[in-house]
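Let me begin by presenting the structure, written as structure tokens, before commenting on it.
Letters are used for the chains, namely A, B, C, D, E and F, taken in the order the chains are written, and counting of residues starts over at 1 for each.
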Amino acid sequence: MPVVLPLHVERLIDLALEEDLFLGDVTSDATLDPAMEGEGRFLAKDELVLAGADVAVRVFDRLGASCRFEGQDGFAFGRGSFIGTARGPVRALLAAERTALNFLQRLSGVATLTRRCADALAAGGGKARLLDTRKTTPGWRRLEKDAVRAGGGANHRFALGDGVLIKDNHVAACGGVGQAVQRARARASALLKIEVEVSDLAGLAEALSAGADIVLLDNMDEASMAEAVRRASGRVLLEASGNMTLERLPRVAATGVDFVSMGALTHSAKAVDISFEITG
Amino acid sequence: MPVVLPLHVERLIDLALEEDLFLGDVTSDATLDPAMEGEGRFLAKDELVLAGADVAVRVFDRLGASCRFEGQDGFAFGRGSFIGTARGPVRALLAAERTALNFLQRLSGVATLTRRCADALAAGGGKARLLDTRKTTPGWRRLEKDAVRAGGGANHRFALGDGVLIKDNHVAACGGVGQAVQRARARASALLKIEVEVSDLAGLAEALSAGADIVLLDNMDEASMAEAVRRASGRVLLEASGNMTLERLPRVAATGVDFVSMGALTHSAKAVDISFEITG
Amino acid sequence: MPVVLPLHVERLIDLALEEDLFLGDVTSDATLDPAMEGEGRFLAKDELVLAGADVAVRVFDRLGASCRFEGQDGFAFGRGSFIGTARGPVRALLAAERTALNFLQRLSGVATLTRRCADALAAGGGKARLLDTRKTTPGWRRLEKDAVRAGGGANHRFALGDGVLIKDNHVAACGGVGQAVQRARARASALLKIEVEVSDLAGLAEALSAGADIVLLDNMDEASMAEAVRRASGRVLLEASGNMTLERLPRVAATGVDFVSMGALTHSAKAVDISFEITG
Amino acid sequence: MPVVLPLHVERLIDLALEEDLFLGDVTSDATLDPAMEGEGRFLAKDELVLAGADVAVRVFDRLGASCRFEGQDGFAFGRGSFIGTARGPVRALLAAERTALNFLQRLSGVATLTRRCADALAAGGGKARLLDTRKTTPGWRRLEKDAVRAGGGANHRFALGDGVLIKDNHVAACGGVGQAVQRARARASALLKIEVEVSDLAGLAEALSAGADIVLLDNMDEASMAEAVRRASGRVLLEASGNMTLERLPRVAATGVDFVSMGALTHSAKAVDISFEITG
Amino acid sequence: MPVVLPLHVERLIDLALEEDLFLGDVTSDATLDPAMEGEGRFLAKDELVLAGADVAVRVFDRLGASCRFEGQDGFAFGRGSFIGTARGPVRALLAAERTALNFLQRLSGVATLTRRCADALAAGGGKARLLDTRKTTPGWRRLEKDAVRAGGGANHRFALGDGVLIKDNHVAACGGVGQAVQRARARASALLKIEVEVSDLAGLAEALSAGADIVLLDNMDEASMAEAVRRASGRVLLEASGNMTLERLPRVAATGVDFVSMGALTHSAKAVDISFEITG
Amino acid sequence: MPVVLPLHVERLIDLALEEDLFLGDVTSDATLDPAMEGEGRFLAKDELVLAGADVAVRVFDRLGASCRFEGQDGFAFGRGSFIGTARGPVRALLAAERTALNFLQRLSGVATLTRRCADALAAGGGKARLLDTRKTTPGWRRLEKDAVRAGGGANHRFALGDGVLIKDNHVAACGGVGQAVQRARARASALLKIEVEVSDLAGLAEALSAGADIVLLDNMDEASMAEAVRRASGRVLLEASGNMTLERLPRVAATGVDFVSMGALTHSAKAVDISFEITG
């Protein structure tokens, strides 16, 4: 069965293939017989959590080759493991290789970092779930959000249109947290919860009395977070955000917040190393 | 004068704006008066070399706001500096903010890392120039190649179509380095030089006698590079590649190679931190 | 200031202009001097609530003419009122006319019907708000949702991605309402409320104990709705849906439900009649 | 054999799928196993003439499911009839359902209304054929023109480029009907007939002496139409247009005009009711 | 006022600019200051009839420069004449130059050949008008049809959708010319005339009795054409086609046919020579 | 195996099919049974070298038919030869016919002229290879460059981005050939050779001392070319360009230059005549 990707992802693949192949592949065209068939293998050079497998499959497919992986997105591979295979005309394999790897390495990088952070969060006890943010690579939001889930994280809102998040500018324009929440309740879709960003416990108090559904605790220390959990006492969901690091996550989890969000999952994940070698 | 960006970049901006704004901005729509005008300022939270300014300008322009920066791509800003300003309807400013920052932070991250590496290379003496690779973010090749130049690096080939680079698969298919170079000479554009990838000095010898224009020394240690420089004695250009780190660059430069290429410039640059605050 | 429309709407305008003008306008090309300038006026031939003004403006703009309206979307015009004016080359006015009217008449039709229904709902007393559905014209969702708001309605979820609505198929696959709500709570974005569709009071009871945020009462009679309101006693929001007619709305409002949704707002709105006459 | 649709229709399907699925289907993703296969059935809840079957097939196909109908476009189904079946992953069926129905219900609505009007016209005797107009849903012209034919109507010109229709503005600019026809004859394609719109019998006389091929009788009463038929005595084709209603059609047919055109076929057709139920 | 081109032409310009500038302009980027402004002049190196001026204007406009011509499409320039000027950043002028010239030279080539053929036809006396065909450069139909009119020719049908032309395959499938015409009359738009292709006088007789509006005389000699004119005696329009050459046109015109169509106008026009020189 | 064409070529095919079929095929729709299957044959009416076969295959494929050729691009067919076959629904064959032929005839025209010129060049002795230029049909660069290779020519740079060619404007802006070459060497990709255009032997001397890799001899006579070859004595590659004709090529080849480039290969190739006849 063919892979069905969102049109938006197909358009990103269009851009990717065009930028690498707009003028063809002059080296392969000059040196390789178009009829020569071959096979190549993907190997993990780092320990990694796979993500982006469907995109890689589609990249090979677009160029007339096929590809399959030894596990789905979210599967963890040890260093040196055999990850997958591609087959088809050697020219197609070499033309697809770099683009497929560039997708796989970055997306698996996001999934791998997410897995590590999710594990750190779990180590702290508590119920906190790890969330991503909108700090994603422009054009890649869907792919990176999928990679976060592959790594064991959950997704915060996808875009500006599927979640209400009231920040200081909105509050200032409305003349207070209460009015801002009220307007949002009146005008936004009733299916959306209302989240308010606050930077201290006074802000939390305002948000609670305004009837927010979720409160984002921005850049607070763990002591304040714990106090916020105590004061909220279950009336709202609490999300901790700002300056999260792998080391800090267990301590944050221990405060009892419901969510911890980290921009770094997508904007600072290092690409993992995956090789592709023609084997025959 | 309006910014003229390549169509390919406009299409990436299309993807970026659609993914964040496909369903509108429900928070701003509910809480902000559409007629309210405002101004916001970009501030460097890290020391950085700017890149992506034109893209950010275009993002604001697409949404009906304007934006200008205090320096062009390649300009270095200290931590805390004022980088630029955007003006227009507050709804437009908030709708453009995240996408513009996501572009700026990643591209300035590439430029900043490149500057650091180029300086390290220069510190080693020698004539070596720093090059990028094709290990770029799919869809972003043009932008990242521009960011590398903004950082003081130079560009290796843009794509598979504007440079001949003969690797082991091509050699194997042709039955030897000599035959591979000969076929490339016969069939590829005469305006392109021919580069051959080798992994040891024996490979270099083959490449020299095959008449390559450039030889890529893959994953060699500095001693071998220095010996390669001696043996080539100016007959070909030499490019060192593989496992380059900031620390190692001065030593590599000292071997006398002509170019050093680093995939990390684009695949592992950390996003720099830039804030955008509505100031009025 | 130029109108900024979502890219998706620009693409629909592309389709619309291409389908009418792909081969040019053979009559005007044969009979009209390209330099002749003119002006035309839009007149309401029915009582109507305006919607789609920005799209009409953009259609004229695309063809090199300009257009402005006497009121924004949501403004009510009496039969015979002067609505707006377009100016530019007569060839452009005639080329834009039909497409602009086709947009305006349909979208104003949606707004006009919505206004009528919202008024009927208000007449019934109670707090119920009028909602649209996903039964929109394919390609027109954004425009029709905007027209509903212009008419005084509110929007239900925009798409399958910004709201959880659990129906019988989901329940069946999960083995019960409770499990379905639990899975949705665990896997969907925490910013989304969870709505469950039920067809009788037994279903409501299940949804209440499963912890739904909103319950859709599908095709119930007013007596059952009133009983549902009593049983829910404010613990969930209640949405009434199915077989709504203008006549029935006041009675439904009187039951005390929170929302009434009507597919007919978008799938069965009659186009209102608007004329465009070249006046000089 | 795969369905081959015009590119323009494929683009409309792109818009339709993107607007409903841009952020995925959060409910199904959370509650349904991706591997679960199923089948669903389309049922006619109204008496209807089918149109849009190929588009519905393509919508399912795009999402990885298949679909087939019990009759081609133009086939009449009684209330309660089984119309067609879709098969594939349940997630795909539910993702395609709403978009497919939105297409089918509107297009079958056009075909159904057309059939009813064509029958009414036939009941009046005479040779008159029922025509559509350019008052179509922007982006849907091809689909709605096909639906009109499925319903037993014929198509007037598709666009501004495949038919000459001289209206008052063209006449005014040319200084008379005679000059307008003459210019059209001289400058437009010789394969196109020339139609002139008139609003009374004096206008008809002018059009006849100007050598028009077809005359559009705009908003005339039946007596005038009959007189026009008498005066034209076969020298031109006559098209009656304006304020046509189902009730009036037999009387209009009886006047002996060649064509009757009705904007309402496309701009005011009510969507017919079709259900889709997952059956296993 | 900005040039308004059909979307289809804008897309062709997209392709043209991308194919030449996808990787930028490495020579200008390396050698020219981006701030340097300049001016360039177009000169006719052949005697020519201008066509494509608007496209050239748009090409410069897309790259941030401006351009204007000394005459509109259809204007004849002598060898050595000054045709137009472009102004803007020198990098933009050089980037636009080749693409603009490639459009201008080919389209002016079509207009120039058309003018020559139209003059030859006129020299033969008679009323025959020169027509183009569908033998155009794929992607360029609109532009080449416009160039034919600029040269003094008229357009045959634009596409397969705006004219009925019955050929042997259609006749064979219908079982005769009569039945084919009858079906076309019954099913195609009433605004379209019906043309039938015949290869001898027997065919003409069939077409006449079938009630064709136009008859295409395919590959007949002048004597047969003259006889066809005599036999048709004004009941149908006659189009002569096949193996037309400049030399033969006066003799064909003299036979009295209504139209002469020539594929060579578009498929074999030689590009005229136009130079562009930076003058300051 | 399906044909894989570059996205850019697919977009050109989109334009081509839309412009011919935007309104459908009214003749075939009216006269042919949609279920009727058939077969057609391509025949060479001229002696020709085939090019564009893959594009023709894809055109038929897009419309639901299939097509295969008796030889690949570059194969020479005698006048009257059978070239290939298409099979499928007759409506699809007739809808694809003209577009497929328009591609094939033009591209085979380029290949045929190139073969003739390459043979003439070979007849002159010497080592000169025949090159194309950037004087291609906008939108068709890739296809025409492929056709040149099919005809036995080689490709000069594809675009402004994959080759450095320093012309008088660049030299003027830099203040001399030496400085221009130096800047290009410093700033352009090291994989690109540097070519300089000169118009006389003095220019050649400058280019040689500036260290150019290739020198383009613009519009020189054969005596000067021969002298240039003598003076360059192998230090640079020499390309002769300007006013090349079939007759002159042997004499140019005899001067000993390395390359001869001809814009006429693409801008003035005459379409070859190929027929397509439905045979059953």
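Here, a contact is a pair of C-beta atoms (placed from the backbone, for glycine too) under 8 Å apart; a residue touches a chain by one contact, two chains touch by 3 or more.
In this text the structure is predicted, and so the values were computed from the model without any measurement.
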Maximum distance between Cα centroids and chain F occurs for chain C
Chain pair with the higher count of C-beta pairs in contact (B-F, B-E): B-F
When centres are defined as mean Cα positions, the distance from chain C to chain E in whole Å is 45
Express in whole angstrom the distance between the two chain centres, defined as the mean CA positions of chain B and chain D. 53
Give me the residues of chain E that touch two or more other chains. 8, 18, 21-24, 142, 158-159, 161-165, 187, 189, 192
Among line, ring, star, complete and other, the chain contact graph is complete
Please name which positions on chain F make contact with chain B in the complex. 129, 131, 154-158, 161-165, 187, 189-193, 195, 214, 237, 258-259
For the complex, which residues does chain B have touching chain E? 1-2, 4, 6-8, 142, 158-159, 162
Contact footprint of chain D on chain B as seen in their complex: 18-19, 22-23
Would you mind writing out the residues of chain E in touch with chain F in their complex? 8, 11-13, 15-16, 18-33, 36, 90, 94-95, 98-99, 101-103, 105-106, 134-142, 158-167, 169-170, 173-174, 180, 183-184, 186-189, 192, 267-268, 270-271, 278
Please give the residue numbers of chain B that touch chain C in the complex, ascending. 14, 17-18, 21-24, 62-64, 92
